[in-house]
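The next part holds the structures, each set out as structure tokens.
Next come two complexes, and both contain chain A; in the first it sits with chain B, in the second with chain C.
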Partner chain A sequence: MKFSIKSLLAATTVLVAVSSPLYAQDAKREYTPVTDEMHANPPAEDWLSFRGAYNNQGFSKLDLINKDTVGKLQLAWAWPMAEAGIQETAPLVHDGVMFLQTNNNIVEALDAKTGDRLWTYRHELAQLPASWSYQLNQARRQKNSIALYQDKVVLTTADAKIVVLNAADGKVVWEKQVLDYNLGYSYTVGPIVVDNKIISAISGCSIAGTAGGCYILAHDFETGEELWRFNTIDDPDNEEQQKSWGDVPPENRWGGTPWTTGAYDPETRTTVWGIGMPGPYSELIRGSGDGNVLYTNSTLALDIDTGKLKWYYQHLPRDNWDLDSPFERMIVEQDGKKMVVTVPGKNGIAFGLDFDTGKYLWHKETVYQNVVSKIDPDGTVHINEDLVPQAVGEEHLVCTSVSGGKLWQAGAYSPLTQAYYVPLTEACNTVAPTQTEFTAGNAVGATKFGPRVLPEGQTMAGLVQAIQVGATEGTTKWDYRSRPAPTSSVLATAGGLVFGGDAAREIKAWDQETGEVVWSQRLNAPIGGYPSTYAIDGEQYLVVPTGYSNSASSISSAFPEIPLPTGSGNSIFVFKLPKQ
Partner chain B sequence: MPLGMKRLIFLTVAGLAAAYTGSASADGFTAEQAEAGKSAYNSNCARCHGFQLEGPDAPGLAGRDVMMNWDTAGGLYDFISVAMPPEAPGELGEETYVNIIAYIMSFNGAQPGEKPLAVGDEMYEVSLAAETAAGASAASAAAPAEESSPATAVPQAFTWGKQLPGGPAPAAPAEAAKPSVPQAFTWGKKLPSANGQ
Partner chain C sequence: MRKFLTAAMLVLSSMAAQAQLSEVPPEEIDNSVRLSGDTLRVCFDRTSVIRAFDGDVANAIGEALFLTVEVQEGFGGFPLNGAGLLTEVTLAMTNSCDLFMGVSVSPNAPVSEAFTLTRPYATIPFVTVVANKDWQKLGDIPKTDRIGTAMASMGEMNYITWARQRPKPETWVRLPYADFDLMTRRVLDGTISGMILWQPALSKILKDREDAKDLRVVANDPIPPSETHVGAVVTTRNSFLRSEVDKAIDALVADGTIEKLIEKHGYQGRAGD
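Moving on to the complex of A and B:
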């Protein structure tokens, strides 16, 4: 099952891939096919998926870089990304090859030791009218849109296609138009591949033309045949779901976008995904009254064989403020029992759920928020009804803001400390509904937002919180507060460290136990994407993406003494320890 | 996925514009402000928002829905004078922010007048939707690929075309020349208004 990359480069094809001869120092590169078993229990030297493994924990077993050695990190190599735009990439590494996906669905394979480019795939994106500005923007904020499986790279694109590439040379094996980009559908996050099924989730469901359907889908890995799809805003099997939208028929429902890649448990063949907000944002415009608008802002557990819903739990019912709850769901074991642990939503509230049933176990607030007033012992979430607009133009100061609180930047869980390390931002904004006519390619929020401001009395926008995860409660292990906001996901390692970065261009390493900063390095642009780590020839590497960041720009008025760069700067920086 | 249209309420562009033109004054800003604003926009904003206000590295600033979402010149000022540009938030000075708003309105089709736009309560009386109504629809129609696009007609909110508190009076149902995109369930309904309108 091994192949030689070099031997595959001679083919002449009309495919879009741009390949170039492989000038790596080693004459022949062996690439082991990536299996389900590897995704479930990854080799320490690899970083196989956006959070490292099916469980989405964001943890690496590597420990050469640790509290004692981290101060000696040196730059090994750096690389400019192939495209500008908002930088949210997740570099993956397998068998010494780094796969780097950037905006507009460009994938590059790099020699992870030397930084030499092996191949580039440039997706030919559909051209859209300039007035479809919201939709066009989606192609410029791609999150982590690749998966490695067998000897292939699976890419989901901004024009709603699945594209399967050869890992060896970046050439297209097959591609499939999954949904119609002319309606607004767009992939912004990558799939997981489990048991030969590509499980993907579409974005763009807040764009006008997509009314009535937002989907998690399964396709056959070999053929691209669709196996099932689950509609997050119209479930004919659940009367409660239908009632939760009041009088609003499916064709006037939007949102429910699952815009973070889900986790998977091989033992129960269950995948869990987080779901975003409803559209329009306010119930006044939506027409849904006091309904909970399921399954928005929920965790969904789906059977990967049938696509049927096993359970759901709604973290924020009756959203009126664009406070999505799609973010990373992690599968964690506590006392021999599996849990879903997550800070699912922009309001920053952490949850522990029973993995088998979805039953609520605990919650814990992090940053200041005023939208959830109470959560009952049975997990029923009560919203602050004082903040629900009753009239067009009625304005409320809502915390957190539409940019978080929590945003796409993923937290990481360390089995060493049993703690969940979460990057967060303290922010509020005013929210007022507008009565807006929707236009093609644009969003249906129908809301006027004020600028992001700090909560009263707060001067520090940034918070990295370590949450001690228990079976019955989550508690604060430590807080690290800073003026600038965190702008990258974080990485936890067996070296006892947590890596993450901020709008001030600092990549930091914290001691998992204490929260003490044990290493910091200033780079060229806000730290972004998903820092990850890998090993080659007995040396551990740390890769740090940097670049233009919505998370930095949306709250930069809270730390004006730290000016952001005006260039995009999208790059990766790769560090390692000096040779002994 | 079939696009269910049974609940959609179609309004002609002209009919819709009529719902807003009541407060249009064509004196929201002066030509000089828009001209100065163009220069300030191009050097401070266009890098992300585009020289044609199209984005794509930041949200587009052209189009009817954008104007309706920001509601008034004051609504836009409140945001950009605090948060923009990200590398120097709030630091361009009052006059420059006002000029940039004049340019954004002008680009969206609003006509200049004698009275300058100025920071203050009156700014919240300048309706972006009303001032730009004719121009915004013209601007989006000008996008070359749009005429032939299958998705020009999109669903609207369930409330679209309905009178909501605080919302404009619904336009008379049009003979429906050109279907619009799907609208909110509440579109066109009378909704309560925070301003008691």
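Moving on to the complex of A and C:
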């Protein structure tokens, strides 16, 4: 039989579409259903979720790799990611299977011991036309989380779907169109699954078509039925929230995107999420006057059964500089008392909140910032009003920068030291509200940001800070400063170590107590995503994502002596100790 | 049509821009040299309200340069904060486009050094629109009423700049709209009493909506007039193309071609700048 090249290509395309997922090569593999109890108290050998457990602490109970042994780490295997993209992946591991999500919503299952591929799922992403460029732009990011629950893998997609896969073979069990991607909605972070509820948060809330609605949602895990949704910029149950937007009705509001996966407390059936900036960035443009524009830049605590708000706390009211505050919220328990501990926003200020009430307990500054002038003992945050533009085009030097300070790279909490280890960047940029039409008449952009620069007198862009967490205060335990910026999340382990990496391609291990670097290894590209750890057959493994890093590129002029690779090199590297 | 170039065999080997992008993995960039022959690859924002007008102007430019225009639909759909815009502009210009039509030529144009704006081929005003028959100018709207503005537009900037120079009671509460259909609906239902938007956007609304027949353009007083200059983007490295396109635009303005196209599409404004 003869095939033309064209028809062969077409046939191949169809084959790929229908034959992925591949079937598991090892039919005898045991896969224990993942339960709520396991997510709340994960087996030490697994890394079950974005930050390891419902509490988002980013801590592993494994201790074979420790201060004494870390120097002996050897490469076990490595794996190239399925596609180019921005490296933000969070590898998950359960029962010896590693689940990797890459950009364009590709999920791969690998044998976590050997690195052999078990199956691949390629989401049939809607062919996004060029006119939906923002979704294309977002799809290029390696998404930072998927969820494991029962014997399924749950992912959220760039075309605003929830897709549930069989963990065994990557086959689709069901998928649901949650919101209309034609309006601009897009998932950029993964869900958590609690008590048979998939709790997810949508992005794209700064696109014209999504005005008035940005949501945290719950869907039934079995059926995909929507159970509730909470609108982060329009809460009819809270008059204060409505007033905080001044004259601006809901249909003229944007922003409030919850773009980091939330934490969950099973005891109180409460989930906490961080919320991003308002849109447009400048109050001059958005018309909200000096209103606080709730619930932007806030922590929200929601009842998972009803979706009702239990409490909120606003970390940065009246944002004018895109210093949004959606980053990881951790639930930390000390002496029987639970707190939310977080560096929620780009300005790098750490907070401790009472978990039950949201009451402010303490804050602590980390990197240099000039946007918050004072925080009262009752937790009221005062902004530096000198930096609020009073005219279109008025420019201010704002610290931190639109790239942080803090960004998506998550910190980790160690119960051993009761310290929170946070990757940060010293950076400022100019900010000016502008009217910026690119395509005539189609405005897209109401704020102009200058290039990222170091604060005056600072020569080190990178800071990993250990914050000693207490009930009434957070204090500096140690600082580790470096020329290159940190580019990955960090991982804390029971081995007394903190792992994280930077733009100089170095994965490092710090002593949790002292901040001393006790191991480092240079890899192929900036360290990215979320390093994690797991164990198989009594051996502990360390997995390190590397690849293209926005964070490295945006501040690379601060460390010109460290050239960034010209290739992306998106990969994962897996280390382990040599056999005795 | 004045054809002023004998460039029938013009080879537009427009090099890839090779721009350094902080948000784009290098694999996304096509650094190969385009061998376009006598083809001019022209991109458009398919969401643009003047897409058809821009297409006509592109064809006129192509005809003037003796080049075959090949349409490459561009992009759009960006968030209000412009996130990702420059990335996609750069990718499109590097990988696909010789010329990107319908771009606002202004000091705030968000193009990098890798790209250059041509001279404007049209200048089109923002207009004030009301439904109330008794009002002849913006100033007739009671200050206790609300007005709408096209989000982040030059017309909005013009209003904000005017309003910031006055006590609040002497201005209107302004609501920003990114959806012009919604803004129109709110004028018609009285939620807002007037709107300031780009005239081609109004022209489209009048074509698309039966209920918009009651809308009227009134004078902008007391705010000063505002307008958008419309041009195109070329790669900075291709200075030859930019020069030839500028010459073509000059010729099309001078011979009345652009003016006729403005009339054809029902726009106000003028050819050139």
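Assorted remarks:
Following the convention adopted for this analysis, the second predicted complex is superposed on the first by the 539 of 580 C-alpha atoms of A that agree within 3 Å, B and C clash if a C-alpha of one lies under 4 Å from a C-alpha of the other, contacts with A are read in each partner's own complex, and residues count from 1 in each chain.
By definition in this document, contacts are C-beta pairs under 8 Å (C-beta built on N, C-alpha and C of every residue); 3 or more make two chains touch, one makes a residue touch a chain.
The structure presented is a predicted model; accordingly, all values stated were derived computationally and were not measured.
Because the two structures share chain A, they can be overlaid on it, and in that overlay chain B clashes with chain C. When the two complexes are overlaid on their common chain A, residue A:322 makes contact with chain C while staying clear of chain B. When the two complexes are overlaid on their common chain A, residue A:250 makes contact with chain B while staying clear of chain C. Between chain B and chain C, the partner in contact with more residues of chain A is B. Once the two complexes are laid over each other on the shared chain, residue contacts for A:206 go to chain C alone; chain B is not touched. By the touch criterion defined above, A:395 lies against chain B but remains apart from chain C after alignment on the C-alpha atoms of chain A. Contact with both chain B and chain C is seen for A:548 once the two complexes are overlaid on the shared chain.
In the superposed pair of complexes, A:306 makes contact with neither chain B nor chain C. Of the two partner chains placed by the overlay, chain B and chain C both lie in contact with A:85. In the superposition on chain A, contact is made by A:566 with both chain B and chain C.
In the superposition on chain A, A:280 makes contact with both chain B and chain C.
Clashing C-alpha atoms with chain B appear in a single stretch of chain C, chosen from 58-66, 238-246 or 256-264: 238-246. Across the superposed pair, chain B and chain C both touch chain A at residues 84-86, 129-134, 136-137, 140, 184, 208-209, 211, 247-249, 251-252, 280, 284-287, 390-392, 434-448, 548, 553-554, 556, 566, 568.
Those residues of chain A that touch chain C in the shared complex are 84-86, 129-138, 140, 184, 204, 206-209, 211, 247-249, 251-252, 254, 279-281, 284-287, 322, 390-392, 434-448, 548, 550, 553-554, 556, 566-568, 570. Residues of chain B touching chain A in their complex: 1, 3-8, 11, 16, 47, 50, 52, 54-66, 68-71, 75, 78-79, 82-83, 86-91, 139-140, 143-146, 149-160, 164-168, 180-187, 189, 191-195. Contact residues on chain C toward chain A in their complex (touch as defined above): 21-28, 45-50, 73-85, 87-89, 92, 102-104, 106, 108-111, 124, 146, 150-154, 156-157, 160-161, 164, 173-179, 182, 198, 200-201, 228-230. Listed in rising order, the residues of chain A touching chain B in the complex are 84-86, 127-134, 136-137, 139-140, 179-180, 182-184, 208-213, 247-252, 280, 284-288, 389-395, 432, 434-453, 548, 552-554, 556-557, 560, 563-566, 568.
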